[in-house]
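Same chain, two partners: chain A is paired with chain B first, then with chain C.
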Partner chain A sequence: MNDVALTLDGVGKHYKFFDLDDVRLELPHGHIMGFIGPNGAGKSTTIRILMGLVHQDRGEVTVLGHRMPDQQAAAKWDIGFASEDMRLYDAASLDWHMRFIRSIFPSWDQPYAQLLLKRFDLKPEQHIKGLSHGQRTKAALLLVLARRPRLLILDEPTTGLDPVARHEILRELTDVMSDDRRSILFSSHNTQDVEQISDQITFIDRGRIIDSRDKESFMDRWRRIRVELPSGVQLPALSGVIDIKQSGRLAVATTNAFDGVLPRAYEAAGVRVQAVETMTLEEIFVENVQHSREGAHA
Partner chain B sequence: MLSTKGIVLSQADGRPMYLQIMEQIRQRIAVGDWPGGQPLPSIRQLAIDLGISVITIKRAYFELEREGVIVTQHGKGSVVADGADVGARIHEQDFAKHLEQVVRIGALLGLTPKEIQARLREALERLTAAAKERT
Partner chain C sequence: MNRALIARLILKDWYLSRLPLVLIGTTGMFSIGLLYLRREVTGTIALITALTATILLSILLPLQTVVNERKQHNLAFVMSLPISPLEYTAAKVVGNLSAFLVLWAAITIGVLGTLARTGVFGGLVPFGMVVALEPFVVFCLLLSVAIVVESEMWAMLTMGATNISYSFWFLLLKIPGLPQELKSPVAIWSRPILLMLAGQISVIVASLALTFYFQSRKRNFV
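Showing the complex of A and B:
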């Protein structure tokens, strides 16, 4: 049990216009999980349930060995949480916030906080009121990171940041992994970020987990196969192919269950395979959502 | 300590990150910057150095091990495979891969095996002639 940072088992939550349905997730220690899905898919609701901010209607939630929401007070000592709507005190300085957090959390690492100030290019004496959106995001992350919590739960940590700041944040997040007892779950719309630093990818759409597995297997299941059809040859329907775009004798087949057999099956049917291409997470994201929506309407 | 400074991943390169890492490690070994027997950075260390996920480095090391380019001892980490021929073997694998590609594209163009052979010979003659002219 101790090698797992968090588990959700059969978790559901009903709202008037939205249902989170039977969410199952597990994040082992020492891993970074990227949590992706379109707007309104249920990412923030899931994260809020993990933090005990929203209570699930059914299902079990365990975070760092604590049952949520009942034991959230104990769990939160070791969780660092940052979300977009996090509010800092406008009238106080960043330094004031740092001293405040330091007075509460004995795990606060002051030399690391100083280092982060430099890396994030923040001035401690500046008041929150005068900070830009990106600077506020960085300040909030600094306050969380310098506590060195065992679990980081970050809702859209890189949204609204310039490329340099984003790069710095990603560096800090991978740096956290030098300690293999620490873990990160973060949601993001930036598929490039998720592809770069995640060990696990979880894909959610309309309140349901579509896919959750280690990143390498996740990416490996998706391929685009470009084929040429000699005259008189029809493209056979093969299982695992979820989309076909064809014009004349050229076609592109997309699969989410790739194995070496698929191109050979095409060739056995007389189809010429021109190329088998890997896909970026961005392309997989779009195909995945379109596919799951078509399935729902069929 | 082997330096990982020059390992730079490209976002514009369409290949998955683990393949890019494999190629850059292979190059370092092929040119002799990473000599046989030397310990590689730990998986976690390289992940931190490059700012990418641990699982991607794990996969790159796993595939390099399968190719015989590195050797992983359980609990001890990985070392560059020993033996003078590692660099040569990497070049050999590279060569074989490109040859296969030549044949495949030739077939796609509808060339017969004879025609592919002839084209290879021509390319070889052209390159040798060009080399002679320079000297």
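Showing the complex of A and C:
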């Protein structure tokens, strides 16, 4: 069996006011990838291409060993998909939806569905029309999770949810990963959610992947170094520093290639290092996007 | 083609459209019942009611099962199931067509059959067939546009344009000899009537075939 859940290789899609350009991405089995980007960055387009809902203009897409979009019907047996803008049928009850999905997927796990009903505090007899946004999202995820698909593709599943609902959903997604044959691609512009559950991170901006690696690498490589410049000392330009903000004698250097040598190099140049700070995923994301955009303008 | 899954999707659409289908079916049966009273007033009401029922059916089904599904953001849910775009198209066309045909045929056969059995109004049957077939034509055009274009606005424009086609019946009555044929106690299948029927059937076949053709070339589904 192929050990990769999905691959995108040189994928492009042209729209009148937006281009998805040369997207390369790989998600190994047993991993959960947070797919982060600002609004309009191309997250949903990429995910729709992965689902075969939108056909790429160029490049190769393979999901669970199936070429997309040609083999989408076969691939979707093992993909659970939920997106922020996906709705269930208002006029039908959750129970009807559960019976509908169960009639299609032999993998439907009824005891697990019952457990999720309790955990998500959902009433199966209730019509979708009467559910809140959070309940609708949880209902859609219940239908996806109870099928026990090998790959979950979730487009902004926690957007607009209250903290309790978000916590419930993230907990379920974490539980899914106890089975190392299953994988999740999880798009969001909420970096806290992604930081909490992902072990792989991909940043996308303006239709291009700007960085993709495991979460630990991100957290290890990005640092903010606060320094003080004694009079007459200039801050040296060091490799790996992508941003410098200076105010008088104080400066903050941001690096995406921290290896412990950088503070010593500053000290050697006469700069006093006050602190080396770790960065949150959100700070890394913002710096990454800004760096990428400045590079594009340069 | 995954026939089992297509069948599930068809049953799903029937279930979600059950209320208008039952109401239209009941109205159609009521209009046929009125014909048995054999009075001119009730007969006229029956014909108008039966025609209205089939016109409503031709509009409501594509709106409910295709346009609303997209408008209410249900399409992503359906397309997340293990189906190809062509299987989705097949489910929509077959599901809509079968639901429409069952009710349309029941109402049309009921009304025209009752007229033919009177032995007095048999001449109305060929013209009645042209009239009855028009909602079928409108239904197929609307279904085709709804599936292919996926736009509520285009569906509305199609409804408006096809509504105009109903007014052409009055022009048909200017065809020499036709008014006399209508008064005949038995059905007369004249050349103009047969040409009209052939034209309508051609539009039905072409619109359904073009639906599959355009869907097979479509690149964005949600």
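Assume the second predicted complex is superposed on the first by the 297 of 298 C-alpha atoms of A that agree within 3 Å, B and C clash if a C-alpha of one lies under 4 Å from a C-alpha of the other, contacts with A are read in each partner's own complex, and residues count from 1 in each chain.
Everything that follows uses one rule, which is that contacts are C-beta pairs under 8 Å (C-beta built on N, C-alpha and C of every residue); 3 or more make two chains touch, one makes a residue touch a chain.
Keep in mind that what you see is a predicted model, and the values were worked out from it rather than measured.
In the superposed model, A:Asp175 makes contact with chain B only, not with chain C. Residue contacts after overlaying the shared chain place A:Ala237 against neither chain B nor chain C. Against chain A, in their complex, chain C makes its touches with residues 2, 5, 8, 12, 15-16, 72-74, 76-77, 79-84, 87, 219-222.
Chain A meets chain C in the complex at residues 48, 51, 53-55, 72-77, 79-83, 85-92, 96, 100, 103-104, 140. Of all residues in chain B, only 11, 14-18, 44-45, 47-48, 51-56, 59, 108 touch chain A in the complex they form.
Those residues of chain A lying in contact with chain B across their complex are 30-32, 167, 170-171, 174-175, 177-178, 180, 192, 195-200, 214-216, 219, 272, 274, 277-278.
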